[in-house]
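Have a look at these structures, which come just after this line.
Two complexes come next, and they have one chain in common, subunit A, joined by subunit B in the first and subunit C in the second.
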Partner chain A sequence: MTAAPTTGAFAAPVDLNHPGHYLHWGVVQISVANLVVMCLMVTLFVAALLLPFPRGRRDDE
Partner chain B sequence: MKSAQVPESDAFPTRRYDLVKEFTIALAVTVLLSAGLAGLFSSPNVPPTTLASWSTAAPNDFTATAVAELAGTSTSAQYGPPYNHVPGAGQKIGPLGLQRAAGVRIPVDPAEDFVLRPLRQAPEQPEVTAALAQWNAASADQQQSWSSAYADALNKAPDGDPAKAAPGDYGPVPVLTARLLTLARAGSLDGQLLSPGRFYQTAYTKPMLFLADGLYLSDRATEQHLTGAQWGMMNETGNYPGQAWLWLSTFWYQIDPFKSSKNADAEIWAIMAVLSLALILVPFIPGIRSVPRWTRVHRLVWRDYYRTRR
Partner chain C sequence: MTSSWTGAVRRYALRRLPSEKLIPETQPVYMASWIYVFGVLTVSALVVVLVSGGVLALMGPGWWHVSGVGRYVNSVHLWSVQLFMAVMVIHLWGKFFMAAWRGRRVLTWMTGAVAFLVSLATAFTGYLVQQNFDSQWISGQAKDALNATGIGAWFNVFDFGQMLMWHVLLLPLAIGLLSVWHILLVRVRGIVPPIGATAPGDGR
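Right after this comes the complex of A and B.
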């Protein structure tokens, strides 16, 4: 059974209520949506490590 | 002494840090992101599975499940604690019967709660009242014999259609289950199975157990990749991301010996409890507590400081 489409003024610009896409690799089965979120989290983590701290003012005392 | 090697805190360089400002910025960014993403993607919008939708979409499955409830052969009837007393039922960790130790906390008698009581509560036609009286007057063996015979007949009928079941001695079972199907399709059974005596009707245990005894809910879950064998704990309906952080809990269900174990839930619960405890105790576990020092990630974060120190 598929989801009832949201219609009218409340319809979302991107409708994700469609059958999900899944990747299989041995015992691993993961949805593309979860994979995207995981990649974003890893990217944010790496960026937090590598991006320099902002240098607005030097307040070293 | 080790403490003598650590400089006093005022010997380190310092910088101004506004905690309130950082909190305010983080809160504003989180609110904007949440509102923006909700506006862009909305939320999962799959119609709920109810007794009404089940009995309308799969009436034969509904009838077969109602017969199994009367026969006492459904999953709910055989589940054991916390719903009912069934000898030998319940998951264990080794010799430790956790489920049995917790006891029967939410008593459920599937035949009575899912089938007979809803029929008694509704104003019924004479033939249904007579069928209920016939059922109640019969011995437990006779009830079992009627319901088992009807379950077998439905199994052999094309598509499990009650109308095509071979004639036999099924007692009042066909009348009772046919009336229950009518009640369910009208939507009244959903309300009747909610726990009475409360202002807010939020105890969905009984309708959920009844639904889970049939094949319809399981088929819908499989279709949406939500079953345990499909890493379902991590998934959401449609193309939405789910609970990715539960990957380790659901991972165990995919491999032996857990995937074929009758005690998988209890065993995996124990494994996750031990691993969670180990995570809490990381600062006290020799070797593991030194991983940050070996990986030296902090030197990457504070590379400016360590560069100037060289």
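Right after this comes the complex of A and C.
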């Protein structure tokens, strides 16, 4: 099944209707899409640890 | 007055989980961290997964192939699952490095770990019931590994009806029950304090 053609502002930033790009490193083979998702998750994890959390109401205040 | 098992269940439930623990007004100060947000993000994504999956189930397995609205709901289902898995794994990382099984929270940790594994199985059967070449390819790749374990006699990845039943009934039921159990255990034991911090009322 092919997706309906999209143009202009509705065009997807990444074309998912073509074979993906793969990285090869010895026996390791990984798609760029999977690598991007993994990097995003690690970034989100580190950001969650480091970014300050908005302070709410405290009983002792 | 005679005692009954319903009364015994009520007394046990209220003793283990009084209302102020079930729906607390305050939380320990160490909860003010973004890493504690990923548990509830996982639950939120799961609700979207279940609602969009429920609509797909209501309309039948062929609907999303022939309807624009069906394709949209199918996409909501797919991407909410991607979000669910991503935030669940970040939740898992946070709890692993926090050693969240401390303080008699082993069962909380285990129910979460098993819910994660059942989620993988649910996502796998979801890929198998797409009814396209992708699902056919995944079934072909998976059958040898599964048959090598001997489970193929009961779990046939080429049987669309069987995989659909696992995907829309048995596995979501297991995830739902495990999630409720997991959340109730979090309420009973409280959220795990960071390493070195002391939970309120813990004295340690």
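Here, the second predicted complex is superposed on the first by the 41 of 61 C-alpha atoms of A that agree within 3 Å, B and C clash if a C-alpha of one lies under 4 Å from a C-alpha of the other, contacts with A are read in each partner's own complex, and residues count from 1 in each chain.
By our rule, a contact is a pair of C-beta atoms (placed from the backbone, for glycine too) under 8 Å apart; a residue touches a chain by one contact, two chains touch by 3 or more.
What you see is a predicted model, and the numbers here were worked out from it, not measured in a lab.
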Subunit B versus subunit C as contact partner of A:L23, first or second or both or neither: neither
Partner chain in contact with A:C39 - subunit B first, subunit C second, else both or neither: neither
Touched partner set for A:D15, first subunit B, second subunit C, both or neither: first
Subunit B versus subunit C as contact partner of A:S31, first or second or both or neither: first
Touching partner for A:A47 - first (subunit B), second (subunit C), both, neither: second
More subunit A residues in contact [subunit B versus subunit C]: B
Common interface residues of subunit A - those touching subunit B in one complex and subunit C in the other: 1, 37, 49, 53, 58-59
Complex contact set, residues of subunit A against subunit C: 1, 37, 40-41, 44-45, 47-49, 51, 53-56, 58-59
Sites on subunit A touched by subunit B in the complex: 1, 3-4, 6, 10-22, 27-34, 36-38, 49-50, 52-53, 57-61
Subunit B residues touching subunit A - in the complex, by the definition given at the top: 13-16, 39-42, 44-47, 57, 220, 223-225, 230-231, 234-242, 244, 254-255, 297, 300-301, 304
Subunit C to subunit A touching residues, read off their complex: 26, 29, 32-35, 37-38, 65, 86, 89-90, 93-94, 132
